[in-house]
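You will see two complexes here that share subunit A, one where it goes with subunit B and one where it goes with subunit C.
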Partner chain A sequence: MSSQPQTSTGPRSRNTSEIVRMLLVPLALIISILVGRWSLGVMKDADAPRLLVVGVALLVGVFGIWIAYWLCNELLNLIPSETLRERIRPVIFVGPALALLIIYLVYPTVMTAYYSVLDKNSETFVGLENFKFAFTNRTIQIALRNNVYWIVGVTSFSVIGGLIMAVLFDKVRYEAVAKSMIFLPMIISFVGAGVIWRFMYASNPPGVGLLNAFIGNFDFKPVAWLINKSVNNIALIVIMIWLQTGFCLVILSAALKAIPADIIDAARVDGAGELDIFWRIIIPSLKTTILTVVTTVVIAVLKVFDIVFVMTNGNYETEVIANRMFTEFFRNQNYGLSSALTMILVIAVLPVMIINVRNARRQRG
Partner chain B sequence: MASITFDHVDKVFGDVHVLKDLNIDIPDQEFLVLVGPSGCGKSTALRCLAGLEEITGGQIMIGDRVVNNVAPKDRDIAMVFQSYALYPHMTVFDNMAFGLKLRKVPKPEIKRRVEEAAEMMAIGHLLDRKPRQLSGGQRQRVALGRAIVRDPAVFLMDEPLSNLEAKLRVQTRAEISKLHQRLKTTFIYVTHDQTEAMTMGSRIAVMRDGLLQQLDSPQTLYDHPVNKFVAGFIGSPSMNFIKGTLTKGDGRLFFDGGSFAVPIPNSRRAHIESHIGKEVELGVRPEDVHDAALLPPGINGDAVVETTVDVTEPMGSEIYAYLQSGQHSIIGRFDPRTSARPGQPIRAVYDMEKMHIFDIATEKALV
Partner chain C sequence: MRIQRLVSRSFVHFAVIAIAFLWTLPTVGVLVSSFRPENDVKNSGWWNALKHPFEESVWTFKNYADVISANGLGEAFVNTLVVTIPATILPITVAAFAAYAFAWMKFPGRDWLFAMVIGLMVVPLQVALIPILRLYTQTGIAGTFLGLWLAHTGFGLPLAIYLLYNYISQLPGDLIESAKIDGASDFTVFMRIVLPLSTPAIASFAIFQFLWIWNDLLVSLVFLGTNKVLTVKLSELTGSLGNKWHLLTAGAFVSMIVPLAVFFALQRYFVRGLLAGSVKG
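Then we have the complex of A and B:
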């Protein structure tokens, strides 16, 4: 209320609008609290019609947040001191996001790190025992080895494949169709892809399975693709390649289109053949994009879980870290080991993340 | 060093006929300018010569060699692009050395030649920089340097000055002319700017809609345009075109523009007798429209036109006067002492010795 003497020097209309505003904001606050409480009641009510619940949730979710920000901002404007006002403002706008980040990201990470040095039931401190076990246990060693296979296999094939296709598709008329065909698997969930590829790899009963039918044409004996230890990891990795190549293709193709045609023409006049152009002009121009794609794929691959879980559940030496982590946590309820495995993944992802962020920052200039 | 021949060259993109039966002979060491409005096919002609586009018909020769099926890299040409097309990931040195490296020139020689060309273009101190660290003018010099290093038989330039600011453009224009004298190589230069064409070319090829309109020296092109298009395209401000009829009276020929009638000198009658009584178009360059009060000596003051001044644009050395006579708009380049003021009437005189008459239907120049 101390602001009133200040505004009295201003024109009359502004004075009245200030008062209206001071009355309106608290009113809006009360109304929105009431509406909020009512909508919570509706959403909690098991007997309420489903459609109403959905509608209310959508409205409150979308507009509620907006109104909440607006109200907070208006309330803040009522504070007379400008220095104080501007000091609080960032907290209001960044605060919620920061809080969510801390609750859902920082806190769990810290707690996981903490659990990883406790025992199975998170009761006694065991030091690095869990990590020691992880690196000496045969199954987990296999999981670590497989993760390396996955990283090398998926990243190299999807990035190189995507790059080659991007360059080749650039020269054909049905480019859009070809690109969509390759990109299509991107929209399939990993579990969905698993189901599809089960049919490809099926070997029991004999005579089922597309791949076995295909090699049967050349008089090869059927192979148990997911059980045979010499091929099962490759079989799983192929699925991920199939899913990721489209992503690489689309990103690299966009970067390829951004290379000015004049530069390619200049190289051609300068005496470059098609291979010279590819290696000396196109690849260097795509360098930062390739790095982005590689790091993105590596991160996705490090986290691979669904495909293995659905197809083999880590049996027959197809285990990966994320699946082991899941098994230890939910089946064996060994929280210590599970947390240690998580930390191993976190540490493995970290350098890749750093490269990715640095690269993104450099690209922005 | 080589001569160039376009021999009945056709180029079709889908259903667009970009070059129509193009015939140009360019002797060794000539500076030929291809000029025309955008979409006239001048850049396409250059790209066909460079081998960046395949031609649909006819043949292109560099020296005595037909190059229709020769890859760009084997044509011994260098090209400067409007966007400069420098390789962004290479230093200036590497940009200039790229063509030599591909040709497996020994390293010490590459270094020598790059430094020599850099010296010539005054970019020696920039050799370690990346293109993004250079100004537009510097990039332009690097692009020229990259072409020089190669020591090609033919230099192709595709609007190399259009991305420069006006002052730098004039300066670089002179430098390219100097470069041509120094290197004694065939230059082919594409531009839409008639000033560039006039100032740089030993000969100019004016193109329109894929057709070669006229190929002549700058002065011939200016004094004797073959048609209305060339007459209007070359020269700034453009030639005045006035529709009217050729009439005869008292044994003299007159051009009757409705609001005025001006006598045609007997010396210019020869080729227009057949058009007497017919509609034609009169072409008068702005510098041949004078203020009657300030008529330079030696110009016949017979062809008087009463006009009203619309606008005047003082240029310092002269004044552009936008005149109105009936429905005709005419631009005159007047002596700066003129009394022409907007809204005021003024008496103008056409120098009919330098007039042009065009056929209405074919737009061809009669005289």
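Then we have the complex of A and C:
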């Protein structure tokens, strides 16, 4: 009874809203195309007033994308056939993401692989010449060696350090504060961290660097930490450890808390010491987590660039692959060699990629 | 037995406090120095300032004033905001739509495409530098904010899709099915149900992406040309200012203020995001 009037007004109001929509959507489309073109012009124009560029940039960057999705969806609704509409709809949802992934990651990977077998101007084919050069050139050999140092040094210290801290911090009531202090460096940029540590290592003017002041207490002469070849790589690696340990701590600490307390209590009742508990219960239960943390840190370290770029720019035998890659690309314009160095990084992460994909596929069944 | 316990407990306290102290020391040094007058910074270690912390002559804001106006960090700060805000919102939006489709829509090749997304998660973004710079030069968007946002969006997408997919695919299927039976389109379901329910996951990823863009040096250095962001400007200053530590320390702090605020305000989401993201490297 009461549903009668509703069903009779339903279609009519839908009809009017349909007509409004038919008119509104094309209009919105035209307006957004015009606004889009105009704002692109403003953003490309070097002489446009700064405030205008900033305002336009923020508006377009924040709202433009939502309007674009809405418009595409509304345009699709204008298609009369429902089966066709629902066939196309997923394209609107995943299409933009796939397009961006293909443009920014898939296509560049293919192109970089291609450039790596061409000469420095990407003109003639040279085969594996760039790779051969990379593995025989002394600076790049040093870079490869340093990357190994970095991976071993940063991974072992930050993972083991994070693990020890996770266990220790778990025992005190001010755990949250202590943890925050360790993972605070994580939010600092590599460049910011660079300044912080340059200041720690400073030897000029004398007396301002904490580290040199500290060893001065023991009558050691000031050390040029970033130049002296026997310590400079360690000095750089310490920065990365300082940044990464917080990450390891957070992840390992969460996994540690997931170990059922009664297991540990039972062991304690049976007379197990703290060390027994650490080696026999904690380490085995955290095995998978430790493995993920190690993988994440290794990948992060492999790509390390900013720290070396800011601190030494690879001088005094502190070069790493990612910084060399940047120098060859940006300064020397040797696109072939630069691409070959990038491909070395890609090949290094390939096993992780394969394992991840396999796990994900298994998980989805 | 009790004494032994007491000793081991005080050892734990000592170790925890010592570690936390050591870890914070470098940052505190920079913070303290950034508020000291030029001559003091030059002539004595920063720890000396803490000996007479209540004398007014020990502290100054001049370094900040200098570094923000004369050294152009103020302008760089604005540029960084203009880069970071859209470059955080764009990937989240694009990824949320895609994650919904991967979780709740049926289309050919879905599993293969998702595998591709997972695979792309570890690709070093260095691969993109030369090809994309060439592409940008050809299309004329080299050096624009738009080019940088899109680049950041592309690089952030695999992780964003993965994290949001993990969350969105766990939402109750009944809710989504029944909304569809009532005649709601995918778009409505996404906007009215999925998006509001996914706020925690979106917030976690947003913080990540925001910090990652704010702190990025490499991508901005290559794609942004004249509109320098904080990291690029600061890295230039480390070269040009050399040993003017009073300015460098203030500059470093200017670049850290926003991340610090984000960190202290949203620490919970930050940690949650870290945990979600680390499930699979």
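Note that the second predicted complex is superposed on the first by the 258 of 365 C-alpha atoms of A that agree within 3 Å, B and C clash if a C-alpha of one lies under 4 Å from a C-alpha of the other, contacts with A are read in each partner's own complex, and residues count from 1 in each chain.
FYI, a residue touches a chain if its C-beta (ideal position, glycine included) is under 8 Å from a C-beta of that chain, and two chains touch if they have at least 3 such contacts.
Remember, predicted model here, so these are calculated numbers, not experimental data.
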First, second, both or neither for A:284, with subunit B first and subunit C second: first
Contacts of A:58 with subunit B and subunit C, given as first, second, both or neither: second
Which of subunit B and subunit C A:262 touches, first, second, both or neither: first
Partner with the higher number of touched subunit A residues, subunit C or subunit B: C
Partner chain(s) touched by A:254 [first = subunit B, second = subunit C, both, neither]: second
Touched partner set for A:222, first subunit B, second subunit C, both or neither: neither
First, second, both or neither for A:200, with subunit B first and subunit C second: second
Which of subunit B and subunit C A:43 touches, first, second, both or neither: second
Interface residues, subunit A side, partner subunit B - complex: 260, 262-263, 265-273, 276, 280-281, 284-285, 287
Complex interface listing, subunit C residues touching subunit A: 8-9, 12-13, 15-17, 19-20, 23-27, 29-30, 33, 41-47, 78, 82, 85-87, 89-90, 93-95, 97-98, 100-102, 105-107, 111, 113-132, 135, 140-141, 144-146, 149-151, 153-155, 157-158, 161, 185-187, 190, 211, 214-218, 221-222, 226, 230-231, 234-235, 238, 243, 245, 248-249, 251-252, 255-256, 259-260, 262-263, 267, 270-271, 274-275, 278-281
Touching residues (chain side subunit A, partner subunit C) in the complex: 40, 43-44, 46, 53-54, 57-58, 60-62, 65-66, 69, 73, 77, 89-94, 96-98, 100-101, 103-109, 111-112, 115, 165, 168-169, 171-172, 174, 177-178, 180-182, 184-185, 187-192, 194-200, 202, 204-205, 207-210, 213, 242, 245, 247, 250-251, 254, 274, 292-293, 295-296, 299, 302-303, 305-306, 309-310, 322, 325-326, 329-330, 335, 338-339, 342, 345-346, 349, 352-354, 356-357, 359-361, 364
In the complex, subunit B residues that touch subunit A: 47, 50-52, 71-73, 77-79, 81-83, 85-90, 98-99, 102-103, 146, 150, 156
